Structure formats: C-alpha cells, structure tokens
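In the two complexes below, chain A is the common chain; its partner is chain B in one and chain C in the other.
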Partner chain A sequence: MRSMPLRRTLGWGLHYGILGLYLVFALFPLFWLVKVSVTPNDLLYSEGVRLWPSRANLEHYASVVTHTDFPLFFRNSVVVSTATAIFSTCCAAAGGYAFSRFSFGGKFWIVGLMLVTQMFPLVMIIAPIFRLLGPLGLTNSLTGLVIVYTAFNVPFATFLMQSFFDAIPRELEEAAMIDGETRFGALLRIILPLTLPGLAATLGFVFTAAWSELLFALMLNSSTAASTFPVGLLSFVSKFSVDFGQMMAAGVLALIPVCGFFFLIQRYLVQGLTAGAVKG
Partner chain B sequence: MTTLDAAGPRPAGAALRRLRIAVEPYLYTLPAVFLIAAIMLVPLVIGLSYAFRDITLLDPTSGGFVGLDHFRDLAADGNFWNALNNTVLWTAASVLLQFFLGLGLALLLNRPFPGRGPIQALVFLPWAVPSFLSGLNWAWLFNPVVGPIPHWLFALGLMGAPDNILSDPRHALWGPIVANVWWGVPFFAITLLAALQSIPDDIYEAAAIDGAGAVERFRSTTVPFLAPTIAITVLLRTVWIANFADLIVVMTRGGPADSTQILASYIFTQAFQRLDFGYASAIAAVLLVLLLAYAMTVLVLRRALVRRM
Partner chain C sequence: MSAIEILGVRKDFGSVPVLRGIDLAIAPGEFVVLVGPSGCGKSTLLRLIAGLEDLSAGEIRIGGRKVDDLPPKDRDLAMVFQSYALYPHMTVRGNMSYSLKLRRTPAEKIADTVKRAAVKLGLLGLLDRKPRALSGGQRQRVAMGRAIVRAPKAFLFDEPLSNLDARLREQMRFEIRKLHRDLGATSIYVTHDQIEAMTMADRIVAMNEGTIQQVGTPQDLYDNPANTFVAGFIGSPAMNFVDGMATFGQAATELAIGTERFARLPAMRMPGSADPPRDGRVIVGLRPERIAIAETGAGAIVDLVEPTGLGSVVHLDLAGQPVKLFTTDRRPLAVGEHISLRVAAEDVLLFDRNTGLRLRAAG
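== the complex of A and B ==
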C-alpha cells in the first residue's frame, strides 16, 4: 500500500502527459495558420520553419479586407448560413415537436425517411439538383443555396429538437390548453421559451454546417457575386497559389464565426449528439 | 383566440375540431417533409435514372437511354477500380484511427480533474473548423514552402528530401487521412464521453468491491455499456466518411494522376469537371449499393451478437 501515492502521481502524470500531447496535435495546425497569417512576406521563406517570426504584423489581414473579394464572400456566407439556420430551426422545431408529442399514422415512415437521408451519398444528387434548380433561376443564387442547405440540415436538426422537447413535461402545455390556449399558442408562449438552449444549439449546429459546405456551393454557384467563403478561398488557392499570407489570413477570418458558435454551444452539443446517436 | 372558437360548440364545429386535431401532427411535419421530398428524394430518384442515360451538361443532343453502357464502361475503367480500393483504405484507416483516439480521449476526460473544462473545449476545437479549411490548413502544413512537416520528416530521416507528400502518388492519400483524423476525433470523443457519463457509478463500485482491477472493470463493465453506442456511431461514421469528398477535393483534387481519388470525389470530378452527369450517377449508384450492403451486414451481425449475449 505504501507505493500507492507514487503510483497515483505517476498515473496523473501520464494522464496530463497524454492529454498534453493530444492538445499539441489538436492545436498546432491552427497555431500555424495564425503564425503564417501574421508573418510579413519577406520573412515567409527565409524563416519557413521557425515557430514564430522575428517580426509580426497584420498587413495580410489589411490587404485581404481591402484588395480582395473576401468581404463579399464573407457577407454571402453570413447571409446564407444565417438564413439556413433560421429556416432549418423553424422546420425542425415544428417537426421535432410533432415527433415528441403526437403518435400519428405514417410517423414511422417519416422518421425512416429522415434516417435514410443521412445514409446516402449526397454527391449523388448534385447533378439532378443542378438540373432542377437551373430552369427556376436558382443556380448562381444565394436563395437556391439556402433552400438546398435547409433541406440537408432539417433531418438531423429535427432529431436534435425532438430530444429537447422530450425533456419538457407535457403537463405544461396541457394545463395551458385547459386554460383556453390553442396547442400552437401554448407551443409558442410556454414550450418554446423553455427550449431556448435547444434552439440555440440547433441554430449553431446548422449555421456551422452551412458555413462549411463546399461541394454544392462550388457546383451551383460559379459566379463571384454568389460565391460563399469556401468557394472563394478555394478559387483563390488555385488562382494565386503564391500568396500564402493572404490565404491564411482569410482562413483565420473564416474561423472566427464558427469558433464563436462552437464555444457557446459545445456543452449542449454533447447532450444533443447523444440523444441523436441513440435514436439513430 | 379567434371569434370563431369563442362562439362555442356547434354541430359542425365539433366535426371541424376533430378534423383539426387529426391533421395537426401533419401540419407540424409538413414543412420538413416537403423540403426533404423535393430537395433530396426527387433528385435521388432522378439521379438513379441518370445512371442509365447519356446526360452531359451543355450537350443538347444528350439525354437518351443507354441501358447498362455506363456500368460496362465502369467495369473497364482502371480509375474506378483504383478509387474503389482507395475508398476502402480511406474509410478503414480514418474510422479506426478516429475511433481509437476518440475512445482514449473520452476515457481520459471521463473523470474529474483540475482544468478539465477548458482542456475539453480545446481538444474538441478541430471539429468546429470548417472541413474545407482543415483540408487547406493541412495541405499548407504538408507544403515544404510554408509548412514544417516535410522538414520534420526529412530531419527524422523518414524522407530523402523535404518534398510534399501530397504530390507523391504512392503516399498522397495519407495526407487527407491525417487531416480527416485530426478533424473527426472530437466527434467520437464527444459521443463516447456522453455514453460513458451515462454509466451509473454504483456499477463500478460493485465491480470494485468484487475485487476487479482497472482492466477487468473496463472489460466487464465499460465495454458492454458502450457497445450499442459504438456500433451505431461506427456504422454512421463509416457511411459518412465513405461519402466525404471535401478533404480530397480540397487537398489533392484526386491527383496526382487520379491516385487519391475515392468514389465520392471521383463522382464529383465527373460531374463538376467533365460535366458527365450520367457516368457520375452510375458511380454514385454503385457506391450507394455498396454502402447499403455494408449497413445491412453490420445490422445483421449486431443482431446475431446481441442474441448470443
């Protein structure tokens, strides 16, 4: 028994050691992104593998904001992701509420339909969606992208919202309905305020997914005016593959909104993902 | 409250209210179902039909039925078979590495210790990075001009010269695999951590009283509790990673010389660069059938295992 404290110290040392190693693996690529983005061009090649440049400044950020189309791409992405997050969350809240509170004919098939959409290769429908949206004027348009992204995100968002509704006792809206509220009124005034954390988590999750989507944006919107951030960054890479500083500065800018959302919602994500995974 | 409702029960009103109650659940699910049907199911069916037609964008004469021609071309297409091999390597390596690293991380984060909150948020951070940006970020790290990795590998003697691994046809696929592992470990860690935290403490106490050591406790208590979550997450992630073309499109565009193409990125290349929607859909149909077969196998195996236990 005398060896216990030693073994315990060793155990915790190992514990922190392994976590520390993993932290380095997780954070080093992001650190490098930031490092190159603040390295002046004349030092970029001469100090290639140094951990921090001998001089650092924000000139790449300044030139990204003033000399490139990135402010436009950024605005497009904000518009598309925000609209997608709002529409998906509304559809998902309604659908998730129905899954949580009613049993109705066809429910099994609707749930099955939503699960199937999580399984098949989305690249498979790129071509048909392109041909369907073209004649409607929805290619090279932010509206078209919002419609497509909303549909892609609704299934998972619905399961997420359902798990949050399941946690709220039915008696609450039943009492309100006895007092003369309609069910919809009770949902709006009593239940939704209680699911605010769930709504925030769903909004954040969908926003992040829409912010990251590349392939459909690349296929559907080829014009600069309707390009989102991922498409802009990728075309930038193939066009001016020499200006690493600017590209990485743009990359850091693309990270800011999603990282903000991530720190706000990561607590709820653990809950929601478990519920989603168990149901899936 | 509308004035109609306030007018009180009338014979027609009762029937109307019954009807309203009966259709209510469908009204709530209608927007979601309509969107999914219009944007995902209809295109899926159309996409399957393209596999049997000659559809090339910008070619007005195309559109005729060609029967099984695309599939005959596939059988003779060396790039397709290479992409199929790569899909297996890409998926198996990514899922296994993500799973074991994620499980290790979840076990380490499962017990309380000083600094757990911030450490947890930081190790999960890669998951918030948009996938295209993780791809670009790792492509830059592998690039000898601005990235350190080739120089490190060279210094360790693992590489003859500090070259870009992404332009070496023999090893290029490992670039996107590393990026995928980096990006995807937090998902497994989050899911497994949540599952671990749902295991009741008294079960561990009972095992400890019975004199079970740490390894024995892990085998007899933790593993059976985690098994259902593991089965479902591994199944979903396998399917998802097999379909995940972003990192490859961003990092190598399937090159050099199609050596890093997986089926999903090959589909995208056919549709986006060659505008050959018919051939792209035929590859997609093959991928869909393979994934369905995989999912069925896993579910049947799982049922057999559950029955034996």
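== the complex of A and C ==
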C-alpha cells in the first residue's frame, strides 16, 4: 500500500517530464530566435554559447525596420496571405458543402483528381507554372502569387471544410427547410454559424501556409517590389556573410501577424458549438 | 388540417427500390401511424411527403393539391425529427419562433404564439436557454413546440420518442395524443415500436420491405391480421407461429399440431377465394394471451416461466415446437410439468406457408 503514492508520483513525474521535454524541443528554436535577435553584433561570436547574452538591445529590430526593405516584404506577405486565405476558404467552403451534402455525377473522379494534385512535389511544376503566368503578366506580381497559392491550398482546404460540414447533422438543414427556408437560406442562417470553427481553422491553415511559402515566391517574383518576407529573409544572406542578428529580428517580426491571426480566430476554433443539436 | 393522398408512390435509391408502390389516403384530422421494422421504407415515405426526397414515380397530394414539385418550405408541413434537430446556436425561443419569423409574422403575434405553446408544453421557464442546456425530454418538447407554433396542414413525426427513456416515452405518447385531440391536425407518425402504434393511432399502416402490408385500426390489425408479418409484428408478447396440418372439409377444417388433434375450425378459403393448400401444411398463429391452461386439451411441457408482475409468460414445448403463453393465473408451474392447453376456435389463425397470407373462414 505504501508504494502507491510513490508510484503515482513517479507516474506524474514521467507524464509531466515527457510533456516538458516536448515543450522544450518545440519552443527552444523560438527562444533561440529571440535570443539571437537581441544579441548585439559584437557579442554574437565573442561570448560563446550562452542562454542569454550579457547585454541585450533592440538595435537589429531598429535597423530591420529602418534600413531594409523588410516593411515592404511584410506588407506584401500580409496582402498575399490574407487574400489567399479568404479566396481559398470561400472556394473550399462551397466545395466542401457540395461534397458533404450532394451526390452528383463525377463526384468520385473530382475528389480523386483533387487528391492527385496533392501528390506532386511542387518543384516539378514550377517551370510550367512560370511559363503559364509569364505571358499573362502574373509573374513579379502579388496577384499571380495569390492565384497560385489559392489553387494549391483549395484541395486540402476543401477536404477540411467537408469534414466540418459532415459533422453537422443534415436534419438541421432539413428542419430549417421545413420551417420555411430555401436550401441556401438554411445554409446561410443555420449551417454557416455552426461552421465558424471550421472556417476559422481553414482560414488559419491557409494563411499560415501562404505566409511561410518560399519556393513559388522566390521563383515567380524576382523584383523587390513583389517579394514576400520569406524571400526577404534570404536577402540577409550575402555572398560573404550572414547577418544573423537582423535575420532573426525579421523572423520574430514575421511571427507577429500569425500569432495575431490565431489570437483573433481562437475563440471560433473552440469546438463544441454544435453540442445540443441532437439527442443527448 | 388537410387530407393527404399518396398515389402509386415509388422510390429507388440508385438501383435499390425502397418503396415499391404505395397507395394511401389520409383523412383530414386523422392520426395515422406508419409502423414497421427498420429499413421498411416508413421514414422514406415520410420524407417524400415532407419534400426532403424526390419521388421516383407516383404522386402526392396535400389538401387536394399536387405537391411533387414543391420544395419543403411551400408544403406547409411541420416535422418533428428523431434527433430533434434543434438549432444549437439559438435559444428555445429562437427555435420556436424561427418558422414564424420566416413567414413575416408580426413580432407581438410571434411572442404571443410562442408563449402559448411554451405554456402548453411546460417550457415557459426555459425560453432563454440554448438546447445544450436542456435534458433529452425538454429538447423533445422544444421540437414539438417548434412544430405547433404554426398551424400547418399536417404534422409529420419521425420516431420522435425513440431517444427517450421508457417512462418519458410513455408520458410523451400521452401528451402527443392529447395535443392531437386539442389541435385536431392531420398527423403522420413513424415508429418501429408497435406499442406506440397501437396506443396512438386512429389507423395503423403496417409496412415491410417497401410495401404496405395492411391498413386498419389498431384493434383490426390485432384481431384480423392479413398475413404473418402483421400478425407477428402487432401484439406483445409476439404471436406464436407453429407448423400445423389442416384437413380442409366443406363444412369444417380439422387442425392437428404434431400428431395431436388441436382444433376444429370453420371451413377455410385462401385470400382471393383460391383453394386452400392441397397438402394441408399451414402456419398456425396463436396469440400468447389467448391460450388458456385447461384440464383437458393439447398437451405441452413447461420450459421456462418469466414472471412480469401482471402475470407470467410461460415458454412451452408444444409437439416439439416452442410456444409462449401469457397467463394471469398465479398457480405455480414447475419446469418440465405437463399441462393441457385450450384455444377458442376463433383465436386460431391459419396462414399459407408459401405466401404468409391468412386463410379466412369461408362464407
């Protein structure tokens, strides 16, 4: 009997020990990002490996904001990611609803085709896409990026939205239709409010994917005016040196919109809104 | 309230026929129960009436008007779903007033109607709650409330009580019946529970495998089942079916079960006045509550006794075939005891072995 509390303590320790280890593993790179971003250049190589520099300041942040094109990259990224998130989520919601509720000819093949698009490595199709977008004047343009990102995110986002629609009982729409709604009215006033968590999750997923995309942004846009911040981060790597301080400061700044975005949508991400719709 | 006519309705899902030609006329104000095992097509028929599914063939008329091409919203019906289907993001008040708002009813009238329905259903204190804060029984009442706030042409109920516990189900059965008495609206009620069908219906429509097996009052279906399906489905405990051998004569039918003579019945005809089966092999239907333990009669051996409080269900071995009888006689019976059974001639039903159809007394 006396071994029980000991075993429980051990179990508890193991439980939280593993959680703690995972937390350190996941968050340490972020911590290092912040640490390097506040380390003055003269201490970067002279102090050896330390958890926190003996002197910290924000000079890298100041120079990133005032002496580089980073504010422009940042603005471009916000525009591209927001537009991609909105367009993709609208398309995905419409498609996901159709897949969830209707049976129509060719549904199997359309779903299959959408899955196939997810199977190719992106590198394979960069050249054809470049050839397609060039004559249309969509290279070196944010619009071009939005179109490409939307096209690549819609399939997965559609499956995501479909799963959210599938979780909402059909009877809710049917009840609304009998109460006097059209199908579209039922979708708008009954189903949509219940899909907010799904819409928020999809928005968040697509926004993050577009925000951190490098390959297309680098290949399709070469002008500074149409570069996004991941491309901008590369500009801190010059032929002879890497400006780690500024690069890390820019990285920390780039985290802010994503964090802000998730802060905005987090209350919709909370599940359980449909609880109480059916039986009990 | 309106009459509902269903004319030659068929429904196929892909190549699978679910309804194979349904004809049914429901009078204004009638309470009709569609009953049958799962998959018999009763819910599909209800959904066709509601407009939630499209007909494959046939016609549905509500109040004399053909509604096949009308969307659900234009059919002016109210429906209570098995899962209740309450709008989770709306309060009880919101749920109940939704259909009225869509019909642009003035706000004061909505408030008044919702309040009256809430009083009737005992929901007055719960109007500002969301469905997730309600118990199963309360949700069921809200679903009922959503239906009764307007005066629809008919009410459709799709197994509305199957998610409730036994006691609550009994109470709601009574309340739905009372509501029907007060409102007098045409109602179609789908259930797989024959007790619900028996206690609530003006008329029962017994369905199996996409066809109507029999339509009639509860008493009619109990006393005069058309075939083995209806006979076995209606009544609890279920009717016994045993193999028998009949000798069909001009004046009388002699029935034997096993080697023993069992009963002398009137002369019998097949449905449609065909001749009874030549080989004399029939299915004998005996209601457990119509079998009496007597001093003399067919011999049987007691297999098991199940007390139910009101009486006992006695499982017997009758010439090698299992038979149940229900008795309120409290005389203790021992397992293995030999007893004699007696059944009045009018309580012995004969069915054709091939078609399951009931043989009727000739003349």
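By definition in this document, the second predicted complex is superposed on the first by the 242 of 280 C-alpha atoms of A that agree within 3 Å, B and C clash if a C-alpha of one lies under 4 Å from a C-alpha of the other, contacts with A are read in each partner's own complex, and residues count from 1 in each chain.
In this text, a residue touches a chain if its C-beta (ideal position, glycine included) is under 8 Å from a C-beta of that chain, and two chains touch if they have at least 3 such contacts.
Since the model is a prediction, treat every value here as computed from it, not as a measurement.
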Which of chain B and chain C A:P135 touches, first, second, both or neither: neither
Which of chain B and chain C A:M248 touches, first, second, both or neither: first
Touching partner for A:E171 - first (chain B), second (chain C), both, neither: second
Which superposed partner A:G180 touches (first chain B, second chain C, both, neither): both
Touched chain A residues, chain B compared with chain C: B
Chain B versus chain C as contact partner of A:I190, first or second or both or neither: second
Which superposed partner A:P5 touches (first chain B, second chain C, both, neither): neither
Set intersection of chain A contacts, chain C complex versus chain B complex: 180, 182, 273-274, 277-278, 280
Residues on chain A engaged by chain B in the complex (per definition of touch): 12, 15-16, 18-19, 22-23, 25-27, 29-30, 32-33, 36, 44-45, 48-49, 90-92, 94-95, 97-99, 102, 104, 106-107, 110, 113-114, 117-132, 147-148, 150-152, 154-155, 158, 180, 182-183, 208, 211-212, 214-215, 218-219, 230, 233-234, 237, 244, 247-248, 251, 254-255, 258-259, 261-263, 266, 269-271, 273-274, 277-278, 280
Partner chain A, residues of chain C touching it in the complex: 50-52, 71-73, 75, 77-79, 81, 83-89, 98-99, 102-103, 130-136, 139, 146, 163
Residue ranges of chain A touching chain C (in the complex, touch as defined): 169, 171-172, 174-182, 185, 190, 193-194, 273-280
Residues of chain B defined as touching chain A within the complex: 1, 5, 24-26, 28-29, 31-33, 35-44, 46-47, 50, 55, 57, 101, 104-105, 108-109, 113, 119, 121-134, 136-138, 140-141, 145-148, 151, 182, 185, 187, 190-191, 193-195, 198, 229, 232-233, 236, 239-240, 242-243, 245-246, 249-250, 264, 267-268, 271-272, 277, 280-281, 284-285, 287-288, 291-292, 295
